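Naming follows writing order (A, B, C and D), and every chain is counted from residue 1.
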Amino acid sequence: MTATELSYIRAVNEALKWSLETFPEAIVLGEDVALPNGPFGATKGLHAQFGDRVIDTPISESAMIGTALGAAVSGLRPVVEIMYADFLLVAMDQIVNQVANTRYVSGGELVPRLTIRTQQGATPGSCAQHSQSLEALFAHVPGLRVGLASDAASAYAMLRAAIASDDPVMLFESRRLYPVKGQVELDAPVEDVGGARAVRTGDDITVVSWGSAVPDVLAARDSLAADGVSAAVIDLRWLSPLDLRPVLESVEHTGRLAVVHEANRTGGFGAEVVARVTETIGRELAVPPVRIAAADGRVPASPVLSQALLPGSGRIRSELAALAARPARNTRALSA
Amino acid sequence: MELAAYYQQMCTIRRFEEEAMALVQSREIAGSVHLCIGQEAIPVGACAALEAGDAVIGTYRGHGWAIARGVPLAELFAEMLGRASALNAGRGGSPYLMAPRYGFLGENSIVGAGLPMAAGAALARKLQGGRAVAVVSIGDGAMNQGAVHETLNMAAVLGLPLLLVVENNGYAEMTPATALTAVPAHERAAAYGLRGELVDGNDPAAVAQAVRALRADVLATGRPALLEAMTHRLVGHYSGDAQAYRPPGELAAARQADPITRLAALISETEADGTVAAADEAARADVLAALDLARSVPFPDPADATNGIYAEELR
Amino acid sequence: MTATELSYIRAVNEALKWSLETFPEAIVLGEDVALPNGPFGATKGLHAQFGDRVIDTPISESAMIGTALGAAVSGLRPVVEIMYADFLLVAMDQIVNQVANTRYVSGGELVPRLTIRTQQGATPGSCAQHSQSLEALFAHVPGLRVGLASDAASAYAMLRAAIASDDPVMLFESRRLYPVKGQVELDAPVEDVGGARAVRTGDDITVVSWGSAVPDVLAARDSLAADGVSAAVIDLRWLSPLDLRPVLESVEHTGRLAVVHEANRTGGFGAEVVARVTETIGRELAVPPVRIAAADGRVPASPVLSQALLPGSGRIRSELAALAARPARNTRALSA
Amino acid sequence: MELAAYYQQMCTIRRFEEEAMALVQSREIAGSVHLCIGQEAIPVGACAALEAGDAVIGTYRGHGWAIARGVPLAELFAEMLGRASALNAGRGGSPYLMAPRYGFLGENSIVGAGLPMAAGAALARKLQGGRAVAVVSIGDGAMNQGAVHETLNMAAVLGLPLLLVVENNGYAEMTPATALTAVPAHERAAAYGLRGELVDGNDPAAVAQAVRALRADVLATGRPALLEAMTHRLVGHYSGDAQAYRPPGELAAARQADPITRLAALISETEADGTVAAADEAARADVLAALDLARSVPFPDPADATNGIYAEELR
């Protein structure tokens, strides 16, 4: 297998192309995805190559997602692009009350084989209505699969897995990471939906993250390594299904857990990770776990303000350093 | 379809609904149900004009559509009784059951939300090159949901073989349609460049004729269409609704136009004496036999409560 | 102050009446709320008494909530009824992208002084689209206040607090509890939004709950008490603002925490409570915390199935008993 | 309002937008902006017909509406520059700024989502017994959002003093309006029983006249109204859009109809030589002075990033 250097957005584009080539029943629909080649270029060249299977829709997200559902249960394999995750909110009924129920209630006779791609997160100047990180809302909804790719390789692999899957999958891409390049194995076998990845090993602390926060975590880790702190980093990739095994293994080794995400703290999926680890192996924790996340607020447009709100590699670094430095509870110290 | 056949089906639906009401009152059905008593001619007429490959989607008031589509009464009863029915094993219940094997993609208990899904079924049929359409029924009140508007426009610009049947029974729950909807549904069709027709929803033959014509038109032109069928809800919005809000005389007048009484009278003009009574009796017998059968279906296994949420249970 | 016995739904009705009497700028809007007196009777008699200030709307939840927002920032004090919480999903954009942003972005010049009342939860036969417990979705959204009353007294007090507040408040009532009677002090002073309530003291375990699950928790507690297990019960009431003080105090005393809610487990607000307690006083926990919640699934209509999914007092009792019986970690045993 | 006054305002908006574009290119404004270049006559004409008590709501393409409503240029620039502006202290930015003190409730960057809020502003004005209306501007593409439909129907049945201005610039982002919308906006008004008018959106006097008439009509009849203003977007959808998708000649033709050139020619027919040039110069001077002022506004204090999310910070 040979790897090709691609940007994140090009990796998405390649995965879409692969899907349309592989599955004759695959279609792509969304705003400006056909003739204009996609607002971010994810669908570049697809209409030229696949014609009417790539469809420009009106600005009607509810209709779009419901149409994808109806098409899916009728044998097609739709991939919907929702331009910003914030716009999922105009189509929540279709996602939660319709898509998520269909397989279960129909006893599997109707197969909601569809993928909803979107992108999210704050970039300098993006306003409160174009900046949210919303994965936690969907990870709370049984029936949906939820994934977030943190680099080009995952963007390619996860999107292929999603489209090949018979479940409704929501993928939250990162607009901020779209230009970032990485090595992608275009002809790798198609993965299943699910699977976390231990991206760095480490002995002192375990850092769990996903999506846009991962590069910042990796930068913080490298900087900490210079100070002699060894941090294991796990890219969760999929919130549903949740693969906690590598996290538990690492925490059993380090006794210290941090979870980092761009979404705001309260009610974010970091709480679920902390809760699960605590419920499962709470006795192994040498110090209380920490969450590093956006402060609970609306995302302001001014970069001066949004930087203060969002977790950046600087803040991540200092909070991780503090976690590593915190004295272990008496008891673990005793047992060590 | 002959009038007698319409009559037979409409009677069956009526008896089915009456029995459902009794089952709610005796608490054999848990919760409440939404009955289509008074509206039977619409599903019966419409389904008479459809083909097996067409997709049909209804609302929570959808038992009549399921029956007209050929879903066995016993399976419907079993589902409503919370049994491990062959339809949805008790998961759907009265307002959200699905029977795709019978060309009935399902009910929907979010007002207006079946329409986008129907557009998708229409898109698939179009891309698959078939000669089939998707038909979706919603109520007059549902016309004011955003998803309905989005879908009618999108189906128009994408040229989807979609037929929307609006059952105008004069009420959305307890509020008269006229207080909620600025303009009747069939007039709204023009806002999407669609053909919009009005039909007497208490006349199954008229409904069948209208649906047949619009279905052909949809397939010929590649444009969706809308049919508004005027009718009355002869019972409460749901099984526990006493209808204190209906103005005096309104219900009595509506009962005068009861599609079943009307059709019985028409049939009696031409058919042999006893035709109607025999149909009534057959309907009653079918419904009671189906209920008996449904009662023999076991309850679902509680261990199955979370099975099949995903294609593969990965966890 | 004299208490009156009222059902939960009558308490809601009294609070609405009080609001319309107290605030000339208050209005009530929703489906079937005026002439038909409300689908569940919450607005009974209000149209007769207050006329055009009580408004029947079309089945258009987005328009309804946006209209309430526009009216609020123009000086009115709207109270919106959304018939089922499941229907909030057709109006999520208005709630999250519009209502929640307005105060912050406008720097307080626009005051989104509005209340959204809804009811939620499963009852026998209610289908997957009429049964969800959705509070966690909104508790993750900064800018919104979120409350759940578990009895008539709280239903009255919390709704008055919500309507009197200058913040957008979402109240998730419990349809299952609507007929349940309780003592309500109609002329009590108006509370502020916020404030948990320690409803039972106890020494062995701390149980945190809210909304429809509280009566089941209380039943389980009484039954456990007969077996000699003493459980403190805290009704959280408000998820935002979150009043964790009584929880932390009790956990410091008992060392054992259970969180109980009707919403499904993964990503439910129970995760947030567990995470906060662990982060703050994790060292005080004698055993790992537990969450007792609906299994992750879609709510089936058949009562046989829904009972298997939902936490009932029986399952709550046995899980709490197990929590009380679990051996403490060595270390706490050592330090004790 | 006199033509010269329209011209002055339109020029000011144009210069403002050109400067904003330059600020994006020099990265002094972070991110992108959506400019109303080519559409200036619509806000200018409309606001000339409004009163101080009217509420105005725009879209992300709303700088022109803010300026026409009297929001000081320096405050707008400061907000767009991410400074601690007197408007929103950098929280709103170019696409989501609010200036209620000027009767501008704000922009909205969710397509169509300003309409429900405008209906609420109209409801309040009605219940407060005032003689004021709410005016909301959206684009042609926004007509296909569900919330727009829901609100037009609701405003119709509740009789709200609401005026919807649809700025039809021929495109939704990169897709032509005709590919997305089955029927033009003004024809859709009939689906809600509303008066729907069409106006040349490149003629400020025509827009003012239409808005004045509809505003009076709305107040007199208690029914909302809809005005579709035809125009062209002379620039990209957002600052980084190269518009490769526009067919050859289309932009050149649109530039022929540039409302500013057109109005300049008209004014030159009657006014003294130099009137137009003087207005151009005044606009340029105003804009540059405002930008200077805006640049002197400090950046917000990062410590304020989460202040004021709630009425009282209870946590």
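The rule is short, and it goes like this: a contact is a pair of C-beta atoms (placed from the backbone, for glycine too) under 8 Å apart; a residue touches a chain by one contact, two chains touch by 3 or more.
From a predicted model like this one, the values you see are computed outputs, not experimental measurements.
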Strictly by the touch rule at the top, which chains does chain B share as contacts with chain D? A, C
Most widely separated chain from chain B, with each centre as the mean of CA atoms: D
Report, in whole Å, the distance between the mean C-alpha point of chain C and the mean C-alpha point of chain D. 40
Take the average of all CA coordinates in chain B, do the same for chain C, and state the distance between these two points in whole angstrom. 36
In chain B, the residues touching two or more other chains are 89, 91-92, 96, 108, 110, 113, 144-147, 150, 153-154, 157, 179-181, 306, 309
Do you know which chain C residues sit against two or more other chains? 57-58, 60, 62-63, 86-87, 90, 93, 97, 101, 104-105, 128-129, 142-143, 242, 296-298, 300
Given which chains touch which, is the overall layout a line, a ring, a star, complete, or other? complete
Partner chain C, residues of chain B touching it in the complex: 29-32, 82-83, 89-96, 108-113, 141-142, 144-147, 172-175, 179-181, 245, 299-300, 302-306, 309
Quick check: in the complex, which residue numbers of chain A touch chain D? 31-32, 35-36, 39, 56-60, 62-63, 86-87, 90, 123-130, 295-298, 300-309
Using the touch definition from the top, list the residues of chain B that touch chain D in their complex. 144-150, 152-154, 156-157, 179-183, 187-188, 190-194
Which residues of chain C touch chain A in their complex? 62, 86-87, 89-90, 92-93, 96-97, 100-101, 104-105, 128-129, 132, 136-137, 139-143, 240, 242, 263-264, 266-272, 274-276, 278-283, 285, 287-291, 296-298, 300, 329-332, 334-335
Chain B residues within the chain A interface of the complex: 55, 87-89, 91-92, 96, 98, 100-101, 105-106, 108, 110, 113, 115-125, 127-128, 134, 146-147, 150-151, 153-154, 157-158, 306, 308-311, 314-315
